Amino acid sequence: MREIRFNRAIMEAMQEEMRRDETVFIMGEDVEAGIMGKTFGMIDEFGPERIRDTPLAEVGFVGAAVGAAAAGARPIVELMFWMLSYVAMDQIANQAAKMRYMFGGQAKLPLVIRGSAATGAAAQHSDSVHSIFMHIPGLKIVAPSTPYDAKGLLKTAIRDDNPVLYFEASNLSALRGPVPEEEYTLPFGVADIKREGTDVTVVAISRMVHNALAAAEALAEDGISVEVVDPRTLVPMDAEAIRSSVKKTGRLVVADEAQPTCGATAEIMALVVEDEDTFDCLDAPIQRVARKPVPVPFSPPMERFMTPHTEDIKAAIRKVMG
Amino acid sequence: MAIGNEVLRDMYTKMLTIRHFEERMLEQMMEGALPGGVHTYIGEEAVGVGVCANLRIEDRITSTHRGHGHIIAKGGDVKRMMAELFGKKTGYCKGKGGSMHIADFSLGILGANGIVGGGLPTAAGSALASQLRGDDQVTVCFFGDGAANQGTFHEAVNLAALWRLPVIYVCENNLYAVTTPAEKSISIKDVADRGASYGIPGIAVDGQDIMAVYEATAEAVKRARAGDGPSLIECKTYRFMGHMGGKEVFEGSYRTSEEVEEWKKRDPIVLFEADLLKMGVLTKADVDGIDKQINAELDDAVTFAKESPLPDPEDALEDLYA
Amino acid sequence: MREIRFNRAIMEAMQEEMRRDETVFIMGEDVEAGIMGKTFGMIDEFGPERIRDTPLAEVGFVGAAVGAAAAGARPIVELMFWMLSYVAMDQIANQAAKMRYMFGGQAKLPLVIRGSAATGAAAQHSDSVHSIFMHIPGLKIVAPSTPYDAKGLLKTAIRDDNPVLYFEASNLSALRGPVPEEEYTLPFGVADIKREGTDVTVVAISRMVHNALAAAEALAEDGISVEVVDPRTLVPMDAEAIRSSVKKTGRLVVADEAQPTCGATAEIMALVVEDEDTFDCLDAPIQRVARKPVPVPFSPPMERFMTPHTEDIKAAIRKVMG
Amino acid sequence: MAIGNEVLRDMYTKMLTIRHFEERMLEQMMEGALPGGVHTYIGEEAVGVGVCANLRIEDRITSTHRGHGHIIAKGGDVKRMMAELFGKKTGYCKGKGGSMHIADFSLGILGANGIVGGGLPTAAGSALASQLRGDDQVTVCFFGDGAANQGTFHEAVNLAALWRLPVIYVCENNLYAVTTPAEKSISIKDVADRGASYGIPGIAVDGQDIMAVYEATAEAVKRARAGDGPSLIECKTYRFMGHMGGKEVFEGSYRTSEEVEEWKKRDPIVLFEADLLKMGVLTKADVDGIDKQINAELDDAVTFAKESPLPDPEDALEDLYA
């Protein structure tokens, strides 16, 4: 199968869906020039109406996307970085997420908001915020780890009639991976076992899937068999797949690039320990691998120190192996 | 003005319906029948009705926490409104929304909003959907004097101006945001003058004079349908009741009862009725007939609301996702 | 000891600290009239400079508070309701929380933001958002359950040189409880054992402490001895106290009025199961008691259904008792 | 204008220091010595220097992502700046901030900001702190043409106008926000005209002419110190380099090289130097001497930055709380 980059997979998904449905359009800062790489050149095919540069006004244009969706269009919003969701938070958390429900099911909000997080850009550009939005009912949340998943899930997101937040992890943009030429979509709420194993389960989110696979590979040499589960969508979350894996292995490590406190890692731990059958199979304390609880510092030695890496996953696995 | 007598009668009927709807609602509130707070539109009827008389069914509005008047003006059903205030299953939102979240997408009512200023960007987005489709529908956004100081005002109106969106921003300046007088929250006298910051027409009109509101809106709607972009209309008006419910505890502390009485002399319904009688559009008998008919409708609405079933507790779990 | 209401305790804390330090001041919407009850009448003693009404502009005045704190003042911001933090999110999450750290320790930000959540006010007014802010390093988070704790913790918050978010639970405002006349403060990061027990630990947050105590009382009759732990501050979190209690009882229920997913409940579960010693003492799956995963609906039967109550805690306790 | 020759010389020196600082930084960037991105101030030196020449040490500024010029203009130390860009322990933020978060509270530099528009409310707050204390310090807020469309602009300037805060809003209109031309993001020609929305003076000046900037600021500072409230000054200027780093990939696509060349003819340093030579404030020999002196200082700064130690990884855990 051909291999393409993560960013290319995202672009292809948008191109295909825009060809398929003319109500789909993209809006965001500098999308016409395509400075984030994911819309670069799309202006030529789709023109400035559908590759729509916005003023520097996140609550304005995110809110406009919400209203456009409520009125029958299908916007894709590009946030340069996800920290900009803080600026637009009300429109995401208290408008988009709640409209359908509070109107008793009247609204359809086919809206995708996508973006990445920065690295090497210090505190204000680097928050990984998916866990915050997991806390708010009414949003769907996607966190792909491979070009294949990125494309299939983004196409599904664009066809979904609900607000979908789509998180592109830092450092993945140039990752290559196999993606078929043929059209395909991937369902939400179905975890993918990225590697089978029997001794310990690692549930890893987005970029951390690759670290988990590297850790698994390394530890295989020591005779430890690691299963790597990639939830792919955080809402809906495939709790069953996670619990099944833990029931098999009896041990769990959870890895996410975000903050630990009230994070997706804590949620996955909770999903496991509140389930009686799974709890009964648990042979060791669960370990979480995440950022250290400080904002992201600028200088590389400090950033590296507070960011989770393959070694951290390995250490956590060794710990739960006892 | 070449408005047909039927339209004028309908406008009068709508104003009176709003007034009586709110009065009935307050009665029910006093009897403890309403499970939540309400913001009345009494005194401001000329604004919602004068604006919406220019709209077609397919045209859309975004409303506010003080939304009952907008919804009736746009053709909303008083039965389903009243039932919603009672938290009943037959209400507009199946009891999920209450007073602050009534919507009727089939009438282009994109919903009331609990967040002051929350509807400003979504209205721009609704207008964008029309522009993208190439239809000639317009969107009206109602907002208060308090909301005129929210960042959403700036971002949304700027966006609408840049993209020449078919949207009309209607500021209902009733001189107060809860207890805060407009001069403590708006740094200039007329919100209308803020149109100049975006290069769009801004006009201040007497919001107690329905014909003044009607005419200003007619002009703005014409512009919008012709593709000439947004307008800002400020209607100077007054709420006759407290911020929430009927008479509030803070009444008197932030505005004098003389001021309230002064404004009540300019009751928009009394003024319009006098005009219509003078013009011969209505007779005293017509007025009585309309009043009777409205009261009968509202009797029905209250009965309907009272007799409708409450939602089942488990209904809470429905309507989250499309 | 005299008994005072929760709201009164909050007011007393502010009054005492404002007398003690003239750089402390309050700002927010309608604080002069005191419509939320916690500043009512304070204008008489402190005047409009220090009981400062703001325009309806949350990102503006929260940001102004951040800047005032950075420049040496000690603002207390009143948000009418905590959902307004969505509007001001960037200033809280990406400015206040990060400034000191990203400036290498240069800034001191003595800032308190306090507010409550509504009930009976439907989706947009009702989010309990403390878990969201727990996810963001750099903030301290207080969630008191009694008038005594409320006063002592708020005084500590006002004296703290960091941004402190202070959450006043819905329904607690009229609660009476003993509060000494003498001055006192309470330390952050020290949980309070609200009831001792030996069979099961309930960690309950804010309002849920009272439900947990009621559940404990009821189950005592069945011979179940429940220990109720109140963390009081969520950041810093007294993990040691929680773990000690669980080591003693071997069983844990966690209760919070907020959403479960990525919530404070999940975090507390994670703190317990990642700790080897505590995990080893755990005899049963951990249960969480929280809202059902939907926005808050308006109608009382549905709101009641999705809100956690004493019965839910009792059921959870029975479940972990096996 | 009665500006002493020493002040003029100092202004010239500061401008040239900024220019050379940025050039050195770009050299270091090309050599791979900088771990993060940078936004240069080259071409805009007259703005920062012309403004800050009116300020005292105790006066404060809030800066932007394009902040190096402001910091040098306000008296910042090039050694500690350069070290910060290198991510070194000796930098202004101990390596935690990098280019976008340099601050020096001892000089009233309340920090650069990674969030466009983020400094607008905090500047108002800083001015509020002065007003509350009754000192006569002023605060200057720098922001871009892009930022002029953020909601924070509206909320903060409105607040400042209402409260007559001693703050000066300086818009650096360099015609673009990344690749987005101002006319695609600002719905009127002059940001200065937006002052009228708040009843405050708004003036547009030639940002390449340092004396024009100086004089407009002098007037605004006088107003602010006298308690007459805020002003808005728009400086029309141009960035000579790409949005980030030196020459960017998008150069040419959103602005023509003719346009760039045209603006470079109005290099603010060249213009000011010619004036000073003509006025006899400087001789050619002075110019050479200043240049030499600056270069020597910057040699030292680069050496200092290079030779300074990186932070220890564990330093990441410090400086979160006061």
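We just call them A, B, C and D in the order they show up, numbering each chain from 1.
The working rule: a contact is a pair of C-beta atoms (placed from the backbone, for glycine too) under 8 Å apart; a residue touches a chain by one contact, two chains touch by 3 or more.
Computed from a predicted model, the values in this text were never measured in an experiment.
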If a chain touches subunit A and subunit D alike, it appears here: B, C
Chain centre separation (subunit A, subunit C; CA means) in Å: 30
Centroid distance [mean C-alpha coordinates] between subunit D and subunit B, Å: 45
Inter-chain centre distance, subunit B versus subunit C - centres from mean C-alpha coordinates, in Å: 36
Chain centre separation in whole Å, for subunit D relative to subunit C (CA means): 40
Per-residue overlap in subunit B, given as positions that touch at least 2 other chains: 93, 95-97, 101, 113-115, 118, 149-152, 154-155, 158, 162, 184-186, 320
Per-residue overlap in subunit C, given as positions that touch at least 2 other chains: 54-55, 57-60, 83, 86-87, 90, 94, 101-102, 122-124, 137-138, 294-295, 297-298
Topology of the chain contact graph, where touching chains are joined (line, ring, star, complete, other): complete
Contact footprint of subunit B on subunit D as seen in their complex: 149-155, 158, 161-162, 184-188, 193-194, 196-200
Sites on subunit A touched by subunit B in the complex: 23, 25, 49, 54-55, 57-73, 75, 90-91, 94-95, 99-109, 137-138, 140, 161-162
For the subunit C and subunit B complex, residues of the former touching the latter: 29-30, 32-33, 35, 53-60, 83, 86-87, 120-125, 292, 294-295, 297-306
For the subunit B and subunit A complex, residues of the former touching the latter: 60, 62, 91-97, 101, 103-105, 110-111, 113-115, 118, 120-130, 132-133, 139, 151-152, 154-156, 158-159, 162, 318-322
Of all residues in subunit C, those that touch subunit A in their complex: 83, 86-87, 89-90, 93-94, 97-98, 101-102, 122-124, 127, 131-132, 134-138, 235, 258-267, 269-270, 273-276, 278-280, 284-288, 293-295, 297-298
